[in-house]
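Shared between the two complexes below is chain A, which has chain B as its partner in the first and chain C in the second.
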Partner chain A sequence: MLLEKTKLLDQYFDEVLKEQQQIDLLLGDPVHPNLYSLRDMARQSFRSKGIPHSGMEDWKYTPVRAFVEKILRVKDGYPKYSSSAADALQLEKSCYIMVIIDGKWWPHLSDPILTDSLEIASLDQVSSETAKIAHLGAHADIEHPFAALNTALFSDGIMIRVKTGVLLEKPIYLVHISMGEINPMFYPRMLFVAEKHTKVTLIEKFVVSDTSIYTVNNSVSEVVVENGAEMEHYYIHTENELSVNLQYARVILDEGSKYSNYNFALPGSPFIRHDLHVSMRGTGAETTLYGMVLTSKKQLVDNHTCVDHSVPDCISNEHYKCIVKDQSTLVFNGKVIVHPDAQRTNSFQKNSNLLLSDDAVINTKPELEIYADDVKCSHGATMGQFDSEALFYLTSRGIRENTARQMLMEAFAAEIIEVVPDEMVKQYLKNIMAEHL
Partner chain B sequence: MLTINNLHASIDGKEILRGLNLQVNPGEVHAIMGPNGSGKSTTASVLAGKPEYEITGGEIIFQGENLNGMAPENRAAEGIFLAFQYPVEIKGVSNINFLKTAVNEIRAYHGLEPMPAKEFLNRIKEKQELVQFSNDLAKRSLNEGFSGGEKKRNEIFQLAMLEPKLAILDETDSGLDIDALRIVAHGVNSLRSKDNAFIIITHYQRLLEYIEPDFVHVLYNGRIVKSGTKELALELEEKGYDWLKSESRDYITA
Partner chain C sequence: MKDNNEVIDTLLDSSYEFGFSTDIETDVAPVGLDENTVRFISDQKDEPEWLLEWRLTAYHHFMKLAQKDMPGWQHFDMPDLDFQSMSYYAAPKSKPLLDSLDQVDPELLATFAKLGIPLTEQKMLAGVAVDVIFDSVSVTTTYKAKLKELGILFCSFGEAVQEYPELVRKYLGSVVPATDNIFAALNSAVCSDGSFVYIPKGVRCPMELSTYFRINAINTGQFERTLIIADEGSYVSYLEGCTAPQRDENQLHGAVVELIALKDAEIKYSTVQNWYPGDADGKGGIYNFVTKRGICKGSNAKISWTQVETGSAITWKYPSIILKGDYSTGEFYSVAVVKNKQMADTGTKIYHLGSHTKSRIISKGISAGVAQNTYRGLVHVGKNAKHTRNFTQCDSLLIGDKCGLHTYPYIESRNSTAQLEHEATTSRIGEDQIFYLNQRGIDNEKAVALIVNGYAMEVLKQLPMEFAVEAQKLLAISMEGSVG
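Moving on, here comes the complex of A and B:
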């Protein structure tokens, strides 16, 4: 039975891949001149590995197959989500809103864009081909099974390009709505380019709608921050139990650029796997990666980050904090590679966890590979429970135990929330965190 | 107000209080003194309801109600306050927010609406002055990075904000310089009234020069072996606690 199911899923992807191959042959290549050969390699890579299993080091604690397999049963009437509409647009004021449904951008639902500072377009309609040709498919690593699958199958992606020298005041807010309208599994593809000396804030929020079915979102983002540019990039996951997320992002940092990523996952989605790979390619680049994960019920949230120092004088700073409840599972894998040429690298990594249930599991693994000698690097992982002295102190002042626990969780999360530079996002996060704690 | 009858309490199976008796009436200040390990801090913790302690015998009656098994938050709402010997630092919880939550949860316990913001802020301002607490301290994370003196002043600040009926000060004088001691004592003295009571637990007589007790008790081996007026404190200061050991042995064997 199990074997049969396994075969079914592999068969499914085999067919989907073949179908896309035929479409590509038929329609030629509207998106990218080299897409056909790129897809070919991606297909081969995916076929050679298949859906990852626990025997693969990067997927040891993350049984992804079971979550992907469910898409096969969607047609047999997998229950629809029927609660109030998604809280998708709470950030609408003072943002450029981009609505993306099942990976497809809906321009007529989105804000008009100032074209002299910013280009936002479907990948097949990009006006300046230069940036697209230089970057699309150039950075995502197709050795990663889901980066390969996305590369082989994405249809129309979105490109956001901030034009040289533009300091964008309003954040760009991408609302990713998982609905499963055509297919329960879809392959959003994003290319974000902050050209030289620009400044931009990107907020990506993942939600479902009230008509969503069970979906698997297999997305790939390629992010390029050119010389002297600064990007603030937020991920906010507030999906529900019908939405699975397999997210891969590769970030390229040029000379003197700054990239800050704030990654928030809240209870809801049964399965989130994030691969965030930052490559410091230009000297003097800086990156900060902050994460706040709150898991409950039977959720599994897996963050695999990798910071790649390949040139001298770069700084990376990473802090992920996680509150793990109920029967949920948390995986954190933080890799830092300091290549031989990357002298005078400063790299700091911290992962702090609050384990609040006997049935919850945390797997945390810092991985440092240092091949240069003049570096400052540190890493640490901590695991804790409620401090009974702190609980007694609060309750001895008349604060009920539940409230006291909530205060302590908020206090734990505050360290990450407080560093969020965007006031609007910070306030929003405070509110939704409070709802879930 | 408070009657402790033949109280026995233990932690990790080890008996610390062995038949403690104490009667506290409204308007009174009681000092409990005694050598290290005599059960002073245990008395304070047990009164406040610290979960690690187990009451194995006897009873604590507070305003006619038996406190055995009552949760700490309910004791606080009923009017018991413990000023900690070692106040806990809680990063990420602001002092003000903490006090607001405490004040309003106690009000909710009594079926009252939350305190209006303006009234709360006025009260903060008034009580802050009492212990010479700056706005800056009040806004910071709870006790985080506070000096020893600031932490103890914060305990008295909280006491002033919550206006308990019975306040227990657990070695509030430890680690205080003379200026901080004066501020703390001034705070306590101005909060004294005919309706509330204080239990001051201390190792030294020094604090009692500033907060004058009505009664002084000597705790030894988990029970009160001697009671008297403030002169007893002076006597203890002079003679130390060693004489107690022989005397209490007689007391026990007698």
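Moving on, here comes the complex of A and C:
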């Protein structure tokens, strides 16, 4: 039985990959002159590895197959999601909203674009102007099984380019809606380029609609921050139990650039896996990664971050905090690599976890790989429950234990939420956290 | 104790101090490994049937594993090991009587003298009982009679099989099963000798027990087996030291150590490992693939591992502790030094299974030259392990810009009452520190040795006194030539 299932899923991908290969052959290179050969390599890479299993170090604690497998059982009449109220994120007024449904950008549902400062295009429409999309496929590592799968299969996506010197005041707000209209599994591709000396805020939020079916979102983003540019990048996950997320992002930082990532995973999706790989390619680059994960029920949230220092004089800071409840599982793997010539690197990483249930599981692995000597690197990981003294302090002042616990959880989360620079997002997160705690 | 400067002075120009080979005739098993090799070893040692069967089961498991790929998760490329081109057994031919030092081959004694083992009469005053493993066979065991008065059994593994088969049978493979990993399987099949310690109920072993391992014969792997059992309420401190002569080819060392601490018992196991690390170009050296594991079976038991690792071309070693009894404690203290082309992938695994169990991990890694040093550790908290506590600290010191230092701590928790902390830092010897010492007339070499010793002090102070001195010496030798 188990073997049969395994076969089915592998067959499914085999067929899908073949189909895409036929289409590529017919159309030639649809988007990018080298895409055909790139896809070929990606196809081979995925075929040689297959869907990751627990024998692979990066997937040791993350049984992804079971979640992907469900797409085979999605048929018409699969229980549809019925939500009472639409999500209450009131960001609309002050953002450029981009609506992306199942990986496809819908311009007529999105805000008009300021053409002199910003270029936003659907990936299948930028075909001839290759210079603009030279980055496409250049950064995602097709050794990663799901980056390979996306590279071999994506047909559409969005490119956002902030033109040199532009300081964008309003954030760009990408709403990813997982519906599964054509296919329960889809492969969105994103390319974000912040050209020299620009400043931009990207907010990516993942939601479902009231007609969504069970979906698996296998997306790949390539992010390039050029010399002296600054980017703030948010991920906010508030999907429901029908939406599975496999996110892969590779960030390239040029000289003197700054990149901050804020990653929020809230109760809902049964499975979220984030691979966030930041490569420092220019000296003096700076990166900050913040994460706040709150899991409940049978959720599995897995964050794999990698900060890659390949040049001297860069700074990286990382802080992930997680509150783990019910029967949920949390996986965190934070890797810092300092390459031989990356002298005078400063790299700090912290991972703090609150484990609130005996049925929940936390697996964390903060890794350091250091090949240069003039560096300051440290990492720390803690795991525990409420500080009993703090709890006692509060209850002795007449605060009910439940309220006291909630206060402590809020305080725990506040360390991340308070550093969020965007006031709107901060307020939104505060509200939504209060709801879940 | 000599002061640091003096020690370093005498050692500065020394390369591998213990790189001499003794000319003694040895009984060597034919090269290669098959069922007959296992039978030959078992036969040589006159073992009972059950042990031979146990060996054969392990052998078959090993052959199964050997068909598959070698483990690939470690942070170094697994060398090609040709298990068929090694010889699995070497015993000195003139086997001396066990309780008379006078009858020991004088050349053997001279070797020991060069190694500085306190084996002879005067040196015994140091109060160390030594079980010397010389190419797989335990040559002599000092102080045995005196220990026996207290009911303490301290002998070679082979002797224990003959004299205390029930104890051996009960505990052998109970902590490290033959199926644990490929090297444990190989060891179980071909283990030649090792040490056996049993401390009876309520006895506190009055002296440090010690084994000195040394690989001598060319082309032999060394697969010793150590079994230490501390019965209820007892205490023992055990020290293991290792050296090997200098040779061009690589030699495999695949030991297995099992510790069993029953209720209220405490075992302190210290290792000073100084196998030949190969020359500056990475030629030769020992492959040290060791499986060490202890179990705190009863409540309130305690096991602590202290290791000073300076040798071996490759070290692959994770002394582990299973904290099964409630309120039991596990400790791991490690200094690992690598230079030239050495590689070390070492750390610990601690399994918290009982409630109120505590563990503490202090790891100090030092990397120089083009060497790679990896800390790999696991702290696991089981579902029923309430109110457990772990503190882990991994510090790394880099000397030179071509070396690497890596940390891979795995932390797995399944219980909400666990308090786990992990921290790691990386730094190098600051120019200001060197300058400060230079200013006071201490040259670079000495300054580095001084700083390194200070850095490792937290671990060194866990060692028994006599060995702390030796460990400091070793650290100083290891650091020699690492600062330009």
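As a convention for this text, the second predicted complex is superposed on the first by the 425 of 437 C-alpha atoms of A that agree within 3 Å, B and C clash if a C-alpha of one lies under 4 Å from a C-alpha of the other, contacts with A are read in each partner's own complex, and residues count from 1 in each chain.
In the analysis below, contacts are C-beta pairs under 8 Å (C-beta built on N, C-alpha and C of every residue); 3 or more make two chains touch, one makes a residue touch a chain.
Because the structure is a prediction, the values reported are computed rather than measured.
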Item to check | Room on chain A for both chain B and chain C (clash or fit) | outcome: fit
Next on the checklist: Just checking: does A:Asp373 make contact with chain B only, chain C only, both, or neither of them? Give me first, second, both or neither.
Outcome noted: second
Checklist entry - Just chain B (first), just chain C (second), both, or neither: which does A:Tyr393 touch? => result first
Checklist entry - Which partner does A:Phe412 contact after superposing on A: first (chain B), second (chain C), both, neither? => result first
Checklist entry - Should A:Trp106 be classified as contacting the first partner (chain B), the second (chain C), both, or neither? => result neither
Checklist entry - Which chain, chain B or chain C, is in touch with more residues of chain A? => result C
Item to check | chain B versus chain C as contact partner of A:Glu401, first or second or both or neither | outcome: first
Checklist entry - Touch check for A:Leu355: first (chain B), second (chain C), both, or neither? => result second
Next on the checklist: I want to verify one number: the closest Cα approach of chain B to chain C after the superposition, in Å.
Outcome noted: 14
Checklist entry - Do chain B and chain C land on any of the same chain A residues, and which? => result none
Item to check | In the complex, chain A residues that touch chain C | outcome: 57, 61, 340, 343, 353, 355-358, 360-385
Checklist entry - chain B touches which residues of chain A in the complex? => result 387-390, 392-401, 403-404, 407-408, 410-415, 418
Checklist entry - Inside the complex, what are the residues of chain B that reach chain A? => result 48-52, 71-73, 75-77, 81-82, 84, 87-88, 90-93, 98, 101-103, 105-106, 109, 141, 158, 162
Checklist entry - Of all residues in chain C, which touch chain A in the complex? => result 73, 383, 396, 398-428
